[in-house]
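What follows is a group of structures, each given as structure tokens.
Paired with subunit B in one complex and with subunit C in the other, subunit A is shared by the two complexes that follow.
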Partner chain A sequence: MFEDLIYVLGKYDTWLWRGFLLTIELLVISVTFGTLLAIPLAVARVSKKLWIQAVPFAFIYVFRGTPLIGQLFMMYYGVGQLISNIDGIQDHWSWAYLRNPYWYCLLTFVLNTSAYVAEIMRGGIQNVPSGELEAARACGMTPWTTYSRIIFPRMWQMIWPAYTNDVIFTLKATSLASTVTMMELTGAARKIVARTALPYEAFISAGVIYLIIVYTLTFGFKGIERYLRRNERRKDKQPGTAKAASA
Partner chain B sequence: MLDLYGRGWQMLEGGLVTVQLCLTVLPFMIIIGLLGASAKLSPYRSLRIIGESYTVLIRGIPELLVILLIYFGGTIAVQNIAEMISGEETRVDIPAFWSGVAALALVQGAFASEVFRAAMQSIPIGQIEAATACGMTPSQIFIRIKLPQLWRFALPGLNNLFQVLIKDTALISVVGVEEIMRKAAIGAGTDKAPFTFYLVAMLMFLSFTTVSLIAFNYLEKRAARGIARA
Partner chain C sequence: MKNWIKVASAAAIGIALSASAANAAWEKVVVATEGAYPPFNMVDENGKLIGFDVDFANKLCETAKIECEIVAQDWDGMIPGLLAKKYDAIIAQMSITEERKRSIDFTNYYSNTPAVFVGKDTMKIEAYKDGEVMEDALDGMVIGVQRSTTHANFLEDNFPNIEIRMYGTQDEALLDLTAGRVDATLADSGTLDDWLKSDAAKGYGFVSNQFAPSEWFGDGAGIGIRQEDQDLKEILNKALAEMLANGSYDELNKKYFPAINLHPN
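Up next is the complex of A and B:
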């Protein structure tokens, strides 16, 4: 059994390596842009005006209530077909991009991630203690300043564990790119299985790489969590000064 | 409005298979979850290690990979076992439906064991001590004290998991089970109308997750009916 594993790793190591790189690329871009898009969504979601709330609510509801693979097929096959029906589009310079599954994957992952992250952020924003908001208003902060100095730092502190989970969820979601012919880690493993008929060796190798990514991420994000919660740590270390400052 | 080229029934059949998948996985998920949670809280170190490494492994691997591994790998494994028993070359085919059920139960069971562990730890220790003082055996304590209260603590987590489960059944279409996504893909391919078919599939999934959300909210209210008045 180990001969087969060594054979797979020896012969197809470049496929797995390229798959690994593409997985990381999809993950980083999806999480970055998904988070950026989630911020306005979450802020609009906690708005007191119903009509501002409604749009992000519907967006989040649809993207969290349907399977990602369906969203991906809808984009790639559905929207892709609508685009290809446009007259003369196939001779246009943009056609090379418009038929590439890469962009459809990224778009779907970014939208999907933003919906999940926005929902987490909504919880974080709503859990900022009202006393801090009142204090900010009493200090004469504008809503913009309140968000950047009080609400967002607080929100990140609170949502970080959930956000970490969501990044891992997105990593696992990138495996779906293999269903639209992308050669990321799962896609590479599937192609190896198709070539060699050795499902255990290929899928378990890919699985181990995923595990390494997940636990490296978990470890790194734990470190960032400590940084985000540095104010609490300072209080723990020097209770005397913290008390003096508050008195 | 939506022209399904006479495949409306096909989509509904797919919907039925999706419901079947969810309801078949659910009991397995709960059993594996309870076993996993018990293993994690067990006084025996070896059981704790098994329980923890199970969730650690599953948490880090994409569901799709587990489904593929069980579908392609499971067939080979069962075939080898069958050949060992019968001693001759045999051809075994695991139905895609059941390999999908096994994969989803394995994945969701890992997350369920986290939910149940948290729920078990929420039960006040005094009640367990009281039960022990009354002379109950561990299994009696589990059935009479822990299990009835477990639901209340575990329902919000299970609600979430069931949502994930409904969405994850769509992944089984990859190995050819004719649930909603697969039916939609067939329609999308043969009738050249991917947008319509996937739109219908998404609406079906959205209605399923909505129904599950409403049902679980009702159950949560019901489970808390003795507590809510406080």
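Up next is the complex of A and C:
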């Protein structure tokens, strides 16, 4: 078993490495753009006007309510197939991009991530204490300023643990990319199994790499969480709580 | 240990043979096939076994001048049934593998559906010629293939300058072929031949020669026999060689697969 593990790592290290890079790439891009897209979605979602609320609601409902692998297949084989049937598209310069599975895969992940993150953000926005909002209004803040100074900072503080969770979830979700021919880490492990008939060794190698990624992520996100909650730490140093410190 | 058994059984057979007349032990052979793998073996409306394997078995017995009875057996119980002596030989497209060789023995291979490229009718691929891989034949192309197959391994090992797209099923690779997202696909000619008969395949066809180098594609399907029946193996191998030499194999091949060479090596 141990020798087989060394064999797998020694012979197929480039496959695993390339798989690792693609996994990270998919993760970073989907989380970044997914989060950016989630912000307007979440803001619209908490609107009091029904017709503004409806669009993000439908979007989130569909993307959270269907399996990711189904979305991936719909996008790659469904939408991709439709695009390929457009007259003359295959001779157009954009075909080099449109035939590539990479973009379909990324788009699906971005949309899926944004749906989940938007819902988390909605919870955060709605839980900002109403007293703070009233105070903002009393100070004469415009809605824009209220969002950037009060609501968003408060929201990030509150949603960060759930957001961290979602990033890790997205990391796992990238393993589905291999079903549409993108050979990320899980795809690489599968390929190794097909070659060597050593499923334990291949999946343990990939599993350990996933664990390392998750460890690094958790560590980094914990640091950011501490930064986001810096005001609470300052509160702890106030005389009111000094007794607890001296006890 | 295994060798010891082989030697012992060979000795036992030797004694048995010298005691009786040669071939006398094999006047009648019961052959099992699956009956659910068209067009190789299947049952017609009357429940009669038909197909390439059935015709081949009949012709083989005729050539070997032995009487044959063909019976149907589910795939899962194929090897246990042979070992339990319910029949003496398996002719059911069973691939020769090391794992199976641990419990049974095989004759030489009698059929091997070769690999072939399928793409737009207008293209031409020469990836394997005269026992040599043409490494640059596919340069710059995007080739679709089913993952975990011998075909995927063949592409990965031999063509460094192509983009290989790996699919969960061959159907998905064919979908992407018709969508123009891969330039060609490499797979088993039997499967592809079937697909080419469908409407979706209009404008597509075999675009390369058919090849099956055993280094990548294994040894094909053989006739399964019990390990102790080395005399039967010899009889069947001899008859098979005769069929290949006198053209009767070729005739059968053409009857079922006009476009495929089932005995490429």
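Things worth noting here:
One rule holds for everything that comes next: the second predicted complex is superposed on the first by the 238 of 247 C-alpha atoms of A that agree within 3 Å, B and C clash if a C-alpha of one lies under 4 Å from a C-alpha of the other, contacts with A are read in each partner's own complex, and residues count from 1 in each chain.
Keep in mind that, in the parts below, a residue touches a chain if its C-beta (ideal position, glycine included) is under 8 Å from a C-beta of that chain, and two chains touch if they have at least 3 such contacts.
No experiment lies behind these values; they were computed from the predicted model shown.
Of the two partner chains placed around the shared chain by superposition, subunit B is the only one that A:V62 touches, whereas subunit C remains out of contact. Within the superposed three-chain model, A:P101 lies in touch with subunit C and out of touch with subunit B [touch as defined at top]. In the superposed pair of complexes, A:V214 makes contact with subunit B only, with no contact to subunit C.
By the touch criterion stated above, A:I151 is placed in contact with neither subunit B nor subunit C.
Applying the stated contact rule after C-alpha superposition, one finds that A:K191 touches subunit C and leaves subunit B untouched. In the superposition on chain A, A:A206 contacts subunit B only, with no contact to subunit C.
In the superposition on chain A, no contact is made by A:L27 with either subunit B or subunit C.
Looking at the shared chain after the overlay, A:A136 reaches neither subunit B nor subunit C.
Contact with subunit B, but none with subunit C, is seen for A:M74 once the two complexes are overlaid on the shared chain. Of the two partners subunit B and subunit C, it is B that touches the larger number of subunit A residues. Note: residues 77, 80-81, 178-179, 190, 193 of subunit A belong to the subunit B contact set and to the subunit C contact set alike, using the contact criterion stated above. Residues 142, 144, 147-149, 152-153, 165-168, 172, 175-176, 179-181 of subunit C are the ones that touch subunit A when the two sit in their complex. Listed in rising order, the residues of subunit A touching subunit B in the complex are 61-62, 64-71, 73-74, 77-82, 168, 171-176, 178-179, 186, 189-190, 193, 199-200, 203-204, 206-207, 210-211, 213-215. Within the complex formed with subunit A, the residues of subunit B that make contact are 57, 59-65, 68-69, 72-73, 76, 163, 166-171, 173-174, 181, 184-185, 188, 192, 194-195, 198-199, 201-202, 205-206, 209-210.
Contacts from subunit A toward subunit C in the complex involve residues 77, 80-81, 84-85, 90, 95, 99-101, 178-179, 181, 183, 187, 190-191, 193-195.
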